[in-house]
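Each structure below appears as C-alpha cells.
Below are two complexes that have chain A in common, paired first with chain B and then with chain C.
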Partner chain A sequence: MSALLEVEDLSVTLKLAEGDLTAVSDISLSVEKGETLGIVGESGSGKSISSLAVMDLLPKGTVRKASKMRFGETDLLSVTPSQMAALRGNRIAMIFQEPMTSLNPVYTIGRQMTELLMLHKHVSRAEARDRAVELLEKVGITAARSRLSQYPHQLSGGLRQRVMIAMMLMCEPDLIIADEPTTALDVTIQAQILTLLRSLQREMNMAMIIITHDLGVVARVSDKVAVMYAGQIVETGKVDEVFGKPLHPYTQGLLESIPIPGEISPGEELGSIPGLVPSLKTNFRGCRFANRCSQAFENCHTTLVSLNETAPGRQSRCLLTPEAAAQAFRSGNGPKDAAPTGYGADVDISGAPVLSARNAECVFRIKPNMFAQPKQLRAVDGISLDLHRGEVVAVVGESGCGKSTLARMLLGLRNPSSGSITLNGENISGLSNVEKSRRVQSIFQDPYSSLNPRRTIGEIIRRPLQLHGSGTAAEQQEMVETIMERVGIPRRLYHNYPNQLSGGQRQRVAIARALILKPEIVVCDEPTSALDVSVQAQILNLLLELREQMQLTYLLITHDMAVVEHIATRVVVMYLGRVVEIADARTLFGSPQHPYTKALLGSVLTPEPDADVPDIELGTSYPNPIDPPSGCTFHPRCPVATDLCKRSAPELRHIGRTETACHNVAAEVIAAE
Partner chain B sequence: MTAASTSPQQMAGDIIDLTPRERMIKKAKSHRGLQFGGAVVLTMTLVALLAPVIAPYSPFEQDLAKRLISPVWAEGGSWEHIFGTDQLGRDYLSRLIYGARVSMGVGFGAALLGCVLGVTIGLVAGYLGGRADRAASFLLTCQLALPSLLLAMALVFFVGASITTLIVVLGCLHWSYYMVVTRTMTRQIRELEYVFAARSIGSTDRQILFYEILPNLSNQIIVVFSLEMAVVIIHEAALSFLGVGVQPPTASWGLMIAEGKEAMYFKPYLVAIPGAALFLLVLAVNLLGDGIRDITAPEGRN
Partner chain C sequence: MFKFILRKLGMGLLVAITVSLATFLMLNLAADPASMVAGEDASPEAIEELRVQYGFDRPLAVRYVEWIGNVFTGNFGESYYWKRPVFDLFLERAPVTLTLAFSALTITTVVGLLLGVLAALNPNGWLDRFALSLGTAAQAVPNFWLGLMMIILLGVMFPIFPVSGDTSWKHFVLPSFVLGMSAVPQVLRLTRAGMIDVLGSDYIRTARAKGFGPGRILFQHAMRNALLPVVSVIAIQLGYKLGGSVVTESVFALNGLGRLAYESILGADIPTVQMLVFIFALIFIFLTVAGDVFNAWLDPRLRLE
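Take a look at the complex of A and B:
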C-alpha cells in the first residue's frame, strides 16, 4: 500500500538579515492511512516547521525545497495556492497547541465550526449545524446543540481543545496534524484528549502526525516515531523499537533524562545531555550531535552522517554500529527496582518545622461589574502544612487549585486572609522583606519572565547582595562568581543579558539568584515545566546536588508527577484550594488513597510504548473556583461519590501513614476495624 | 568533551565578553543615525550656547536701509548677510542663531518637564492600580478633553509671556503620551515574574519601580521624548506665531516664520530658512532617540 503522505528530502531555509538558517534539512516522512506518526524533538529542532512546510503555511521569506511531496494523488510541490487552500482544513486538518488562542473569540463555536464545512463542501447551514452537533457529541461534549451559540471564552481549556478537534473533523480529513495538542492542558485532561484523538483516528481511519516534545505522549499514541535534532531526523522506526532499543545517542539521552519510576530511584542523578543545541547557522562538517555526544569519536566531527537503514523501517543517523550503539543505552544504571533507597531517609520530621502554615486562607473578592454583589474566590481554603529542615515537600494539583497562591503566601508575598504562616516560630507578616528573603527564596516557573531583560546576568545575581548590603563590591563580585560556578553558568556570561541565554541557562541564573543569600528554604514554582526534557534533567540534578551541599529545604510546586516522584520526600495533593491527601512520597506513590490522587497518578504518561493511554474517569472538567460544588468539592468528578459526598465536606484524617480527606476511604477503614 | 575546534561551544568560549558599556560604545560606533542625530543636536546646542560669540550681528539691530536682502545664493544676495535680512533689516543668520536658544530651550525643557510628570503619574498609576489608577485616568481624560493650544494661549495670556512660562505651560500640557505609554507598560511588567522575584529577594516598592521597571520603559520613553520634543517646538512656534509665545524682538524660529509669513510669496526664504532649521532639529532628535534606543537595548541571541 502506498503511503497517504510522502515527503522526501524536505529542506526549509529561513532567509534572515544575517544569513540563511536551515531550519529543516533533508527530512523524509511517510504516513499511511490509519497510522500515527510521532515527531519528537526539543524546541528548535524543526519539528513544527516541517509540518508547516507540508501545509504550505511557512512564514514569508522561507524557502522550501523537496524532491518529493505527495498527498494522496496530489503533488504538493506543484499545486496552486487555491488548490492548496482547498486541501487545507478539508483533507488535511491541523490542531494547534494553544486552545486559548486558536479559536476566534468574536465568533460563536457554531459559526466557526459550520463555516469550514459550508466553504469546502457547499452544504446548507442546517446540515452543517447537524454535523457540528454530531461531532461535538462524538468528542464528548454534553449539551452540544446549546454549545453552538457559545463563545470560546465561555469554555474551559479542555473543552476548547475538544471543540478544536471536532472542528477539524467537520470535513472528514484524511490527515490530521496535531502540533503539541495537549501541552497547554492539565495532565488529567491531556489523557482524555489523547484517548479521544486515538479512538477517533481508529474509527475514521485517518492518518495522524503528532508533533510534541513529550516522549510520553508519543510513546502512548503513535505507531511510528521520528526523532528530530537540529533540523534533521536522527532516528525513525516503530515506536516500541525506538523506545525499547534506541540506537541514536540522542534518543538514548532523551530517554535517560526522564525520571521513569522503576528505571531510576528517587533522588538519583538523572542522565542528561550536556551542552546546547548548535546554532543552525553553523556550516556542519560532522554529526550535528557530536559535540554533546558521550560516545563521539574523531570521525563524528569530520564526516557528514547519513540516515542509515539498520532494519526494515528503522533508520538511525549515527556512525556507530547498531549493536555498539544499543549497548550503551542505560548501561550505567540498568533497570532497578524502585525499592527502598536512602533518599529522604535522613529527614527528621518530628522536630519543630522551619516553615508552617496554620489554617491559612486566601480569599479574593471578585466583582464582575459595578452593581453586582462581590463574590468570594477561595484560592486557598484552610491549609495547614509543615516544612521540616531538609525536606522536599511537593504540592501537586491541576491549574487553578491554588498551589501558586499558597507558594506566594509561604514566601510572604501575599498575606493570608486568615490563619497564620510562621517561619521558625515567628509570624511571617511581622518580618521585614529583607529578613524574610534571607531565609526563604524562590525559583519561578518561567525563566523567560523571571529575569529582568534590562539587567546583565552579573547584575541580576548580585542584586540580592546589594539589597542586603553584604560585603564590599569586590566581595560581592567574588560571591557572584562562586555561585555562578556552582550552578554551572560559564563566567563569560557575566556581562550578557538574559535574552542571550538558553532556557536552561536562564533557570540556572534564577537558581543562583535564589541561593546567593544562602537561604534555608527554597520555594520552587514549576521549576522545570518551561524547559526541554534534557534541560529539565540538568536542572533537577542541580537542585538535588545543591540540596545536599547547602542543606536546603525545598517546597516544590508542580503538576508533573514524574518530577515529584523523583525528588520529593513528602507530597501534598491539592484540589480547589484544599488538601485532599498528604503522605510521604513512597507511601503516596505506593498506595494512593484519595480518588483524585489515584487519577492524577494514573494520568502520568511515561514513555512506555506497549502501554496505552490510561483511562481517566474524571467525568466533567475542573470546576470554577468561584462557584465550588457542595460538600466534597471533588464529588462531581469522583467515580465513587455517594450522597454523603454531596452533602458534607470530608476532613483530613490519618489513615495508616497517609492523611486523606475522603468519606469513602474513611468508611473503608472503619469497616475494616 | 572531545569537540572539534570548530564547534560553536568552543568558539563561543573563546570570546571574552564585553561589559555593557563597551558593547554600547561598539554599537554606537557603527550607528549612522545616532552619529548624525547626535552631531546635529550637539552642533545646534553649541551654537545656541555660544550665540553672542558666533552671531555676526546683533539680532535686534535694525537697519531699514538694508531691508529684505536676499540670502547669498539668491539674486541680489551678498556674503555680508549670508541668510539675508528681514523686513526690519535685521541679519537673518544672527536671528536664527539666537532663535535656536529659545526653540531648543523650550523644546528640551518642556519635553523634559512633560516626561517627568507623565512618567511619574504613569508609573504610580500602573504600579498601584485601583484608586490611584482611576484618579490618573480621570486627570488624563480632563487633559485630553481640553484643546491644548487654546489652553496654552489662555494660560500664557494670564501669566504673562516669558520663556519660563512657555516651558512650564507646554510641559504641563504634554505629559499625556508619556503617561499612557508608561501606565500600560507598567501594568504589564508588574505581573511579570521578575517583579515577584525582586520582591522575594527583599526589594521595596521604590526599588522595584526604579531598578526593575523603569529601565524596561526606557525604549518607549526615549521614543516618546523625541516625538514630543518635535511637537513642543512646533507648538512653541504656533504660540509665537499667534503672538502669545515669545515676544518680539526676541528671536525664535516660530516667531521668525510668523513674521516672515507676510512676505512669504515674495521672499520665501523668510519662512524656508527657519523652517528648514526646525525640520533639521526635529529629524536629528528623532534619529538620536532611535539611536539611543538601539544602542542601549540588549541584543538578542547571536
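Take a look at the complex of A and C:
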C-alpha cells in the first residue's frame, strides 16, 4: 500500500541577515491512511518547521527543498499556490499549540467553523451550521448549537482546543497535523484531548502526524515515531520498538531523563544529556550529537553519519551497531524495582516548622465596573501548611487552583487577607524585606523573562549581596564565582548577558541568584516547565544535589506529577483554593484517596507505549473561582459525588497516613471500622 | 450592547457637566467680566453699572445655573463683542469647519490606512520605507509651512485652486489636504504596527491553514483586528479638526470656528469662548463614545457584560 503522504529529503533553510540557517536537513517521512506518526524532539529540533513545510506555510524568507513531496495523487512540489490553498483545511488540516490565540477573537465559533466548509465544499450556511453542531457534539461539547454564537474568549482553553479540532474536521480531511496539541493545557484536559484525537482518527480513518516534545504523548497515540535532533531524524520505527529498545544514544538519553516510577527511585539522580544542542549554523563534520554523546568515539566527530536501516521500518543515525547501542541503554543504572531509598527519611517533621501557614486566606475583590457590587474571588481559601527543615513540599493542582498565590504569600510578597504566615515562629508580615529575602528565596518558571536583560550574569547573581551589604567587592566577586561553579555555569560567562545563554543555563543563573544569600527556604514555582526534557533532568538533579549540600528546604509549585513523584517528600493537592489531600509522597502516590488526586495521577503520561491513554473523565471543565460550586467544590467533576457532596463542604480529616477532604473516603473509613 | 452604549453615554454626560462647570468657573474667575465688557478706559462707575446691568453682581452659582439652564434651550447668551446671540455665530461659522474637518479626515483615513496596510504587507520593502519616510516628513513639516507651499505651488505658480475664501468646493481642496496630511503619520504608523502584529498572529496562521487566499485573510481576518487602535485615533483626530484649526483657517482665510475662537479669545468675549469650549467638549465626548461603541462592535471582547 502506498503512503498517503510521502516526503523525501526535505530541507528548510532560513535566510537570516547573519547567514543561512538550515533548520531541517534531508528528512524523509511517510504516513499511511489511518496511521499516526509521532515526531518528537526538543525545541529547535526542526519538528514544527517540517510540518509547516508540508503545509507550505513557512514564514517569508524561508527556502524549502525536497526531492519528493507527494500527498495522495498530488505532487506538492509543483502545485500552484491556489491549488495548495484548496488542499489546506480541506484535505490536510492542522491543529496548533495555542488554543488561546489560534482562533480569531472577533468572530463567533460558528462563523469560524462554517466558513471553512463553505469555502471548500460550497455548501449553504444552514448545512454548514448543521455540520458544525454535529462535530461540536462529537468532540464532546454540550449545548453545541448555542455555542455557535459564542466568541472564543467566552470559552476555556480546553474547550477552545476542542473547537479547533472540530473546526479542522469540518471537511473530513485525509491527514491531520497536530502541532503540540495539548502542551498549553492542564494535565487532566491533556488526556481527554488525546483520547478524543485518537478515537476520531480511528473513526474517520484519517492519517495523523502529531508533533510534540512530550515522549509520553507520542507513546500513547502514535503507531510509529521519528525522533528529531538538530534538524535531522536520528531514529525512526514502530513506537513500541523505539521506546522499548532505543538505538540512538539521544533517544536513550531522552527516555532516561524522564522520571518514570518503577524505573528510578525518588531522589535519585536522573539520566541527563550534558551540554547543549549545537547551533544549526555550524558546518557539521561528524555526528551532530557527538559532543553530548556518552558513547561517542573518534570517528563520530569526523564522519557524517547517515540514517541506516537496522530492521524493516527501523532506522537509526548512529555508528554503533544496533547490538552495542541497545546494550548501552540503562546500562548505567539498569532496570530497578524502585527499592525504597532513604530519600526524605532524614527529615524530622515532629519539630517546629521553619515556615508555617495558619488558615491563610487570600481574597481578591473584583469589580467588573464602577457601579457593580464587588465580587469575591477566594484564590486561597483557608490553608494550613507546615514546612520542616529539609522537606521538599510540592503543591500541585490545575491552573487557577491558587498554588501560585499561596507561594506568593509564603514568600511574603502578598499579605494574607486573614490567617497568618510565620517564619521560624515570627509573623512574616512583621519582617523587613531584607530579613525575609535572606531566609526565603524563589526560582520562577520562565528563565527568559525573570532575568534582567540589561545586566550581566555576574551582576544578576551579585545583586542580592549588594542589596544586603554582605562583604567587600572582592569577597562578593568570589562568592559569585563560587556559586556559579556550584550550579554549573562556566566562570567565563560572568560578563555575558542573559540572551547569550540557553534556557537551562538561565535557570541555573536564577538558581545561583536565589542561593547566593544562603536562604533556608527556596520556593520553586514551576522551575522546569519552560525547559526541554533533557535540560529539565539537569535542573532537577542540580536542585536535589544543592538540597543535600546546603540543607535547603523546598516548596515546589508544579503541575507535573512525574517531577513531584521524583523529588517531593510531601505533597499538597489543591483544588479551587483549598487543600483536598495532603500526605507524604510515598503514601500519596501509593494509595491516593481523594478522587481528584486519583484523576491527577491517572492523567500522567509516562512514555510507556503499551499503556493506553488513561481513561479519566472529569466531566465538566474547571469551575470559575468567582462563582464556585456549592458544597464540595469538586462535586460537578467528581465521578463518585453524592447529594451530600452538593450540600456540604468536607473538612480535611486524618485517614491513615493521609489527610483528605472527601465525604466518600471518610464514609468508607467509618464503614470499615 | 444597548446597555453598553447607555452606560458609555451616562459617563459622557458626567464628563460634560464637569467640563461646563470648570470652564464657567475658570473664565469668570480669571478676570472681572464687567471690566472686560466695559473696555480698558471705562470709569469705575460705568463698570459698576454694567456689573448690575449684566447681572455679574449675583453669586457665581446662581449665574452658572442660569447659564446651563439657558444652554438646554439653545441659548448660549449674547456676544459682548458682536452684540448677537453667540449660537447664531456658531451656526454661521460651523459649515466651513464641518466641510474642512470631514474632507481632511477623509484624506487622513484613506492615505493613512492605505499606506499603513501596504507597508505592513512587506515590512522593510520599498513601499514600507517610502511610507515611513512620508510619515516622518509629514510629521516634521509644520502646517503653516505646508499651507504656504501649497499656495505658492498650486495657487500662484500653477493657479489651479483658489487660495482664500470658502465659496466653492475648490476652495477646500488645499486646506483639506494640508489639515489632512498632518494626521496621516499617526494613522499610518498605528495601522502599520497593528497590521504587522495581526499578520504574525496565531489566528492568521490558522486562517492560512484553513486554506483562505491572501485577499480574504487580509480583509476578513486581519483588518478587523488591526483597525481597533486606529478607530480611537481617528475619532480623536476628527475631534481636533471639528474644533477648528486656527492655523489652517488663517493661512487660507477661511472663516471657520477656529477663527471665531481665536477672535473671541482676543476680544475677551466670554460667552462665545464659553460656548465654544462647551461645544468642543461635547463633540469630543460624543466622538470618544462613538469610537468606543464602534470598537465594541468590531471586537466582542470589549462588550463588557
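Methods note: the second predicted complex is superposed on the first by the 672 of 673 C-alpha atoms of A that agree within 3 Å, B and C clash if a C-alpha of one lies under 4 Å from a C-alpha of the other, contacts with A are read in each partner's own complex, and residues count from 1 in each chain.
Please note the rule applied: contacts are C-beta pairs under 8 Å (C-beta built on N, C-alpha and C of every residue); 3 or more make two chains touch, one makes a residue touch a chain.
As the structure is a computational prediction, the values presented were derived from the model and not from experiment.
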Chain B and chain C placed together on chain A: clash or fit? fit
If we overlay the two complexes on their shared chain A, which of chain B and chain C does A:153 touch? Say first, second, both or neither.
second
Chosen between chain B and chain C, the partner touching more chain A residues is B
Is A:630 touching anything from chain B or chain C once the two structures are fitted on A? First, second, both or neither. neither
Just to be sure I read the superposition right, which of the two partners does A:303 touch: chain B = first, chain C = second, or both, or neither? neither
Quick check on the superposed pair: does A:359 touch chain B, chain C, both, or neither? Answer first, second, both or neither.
neither
Taking the CA centre of chain A as vertex, the centres of chain B and chain C subtend an angle, in steps of 10 degrees, of 30
In the overlaid three-chain picture, which partner chain does A:285 touch, first (chain B) or second (chain C), both, or neither? first
Next on the checklist: I'd like to know which partner A:490 touches here: chain B for first, chain C for second, both or neither.
Outcome noted: first
After superposing the two complexes, the shortest C-alpha distance between chain B and chain C, in Å, is 7
As the complex stands, chain A meets chain B at residues 274-276, 278-279, 281-282, 285-286, 290-292, 296-298, 301-302, 408, 411, 413, 432-434, 436-438, 440-442, 444-446, 449-456, 463-464, 467-468, 490, 492-501, 510, 513-514, 517
As the complex stands, chain B meets chain A at residues 1-4, 6-9, 12-13, 15-20, 23, 192-194, 196-204, 207, 211-212, 215-216, 218, 298-302
Within the complex, chain A is touched by chain C residues 7, 201-203, 205-213, 221, 224-225, 298-301, 304-305
Chain A contacts chain C in the complex at 55, 57, 82, 85-90, 93-94, 96, 98, 101-106, 115-116, 119-120, 151, 153, 164, 167-168, 368-369
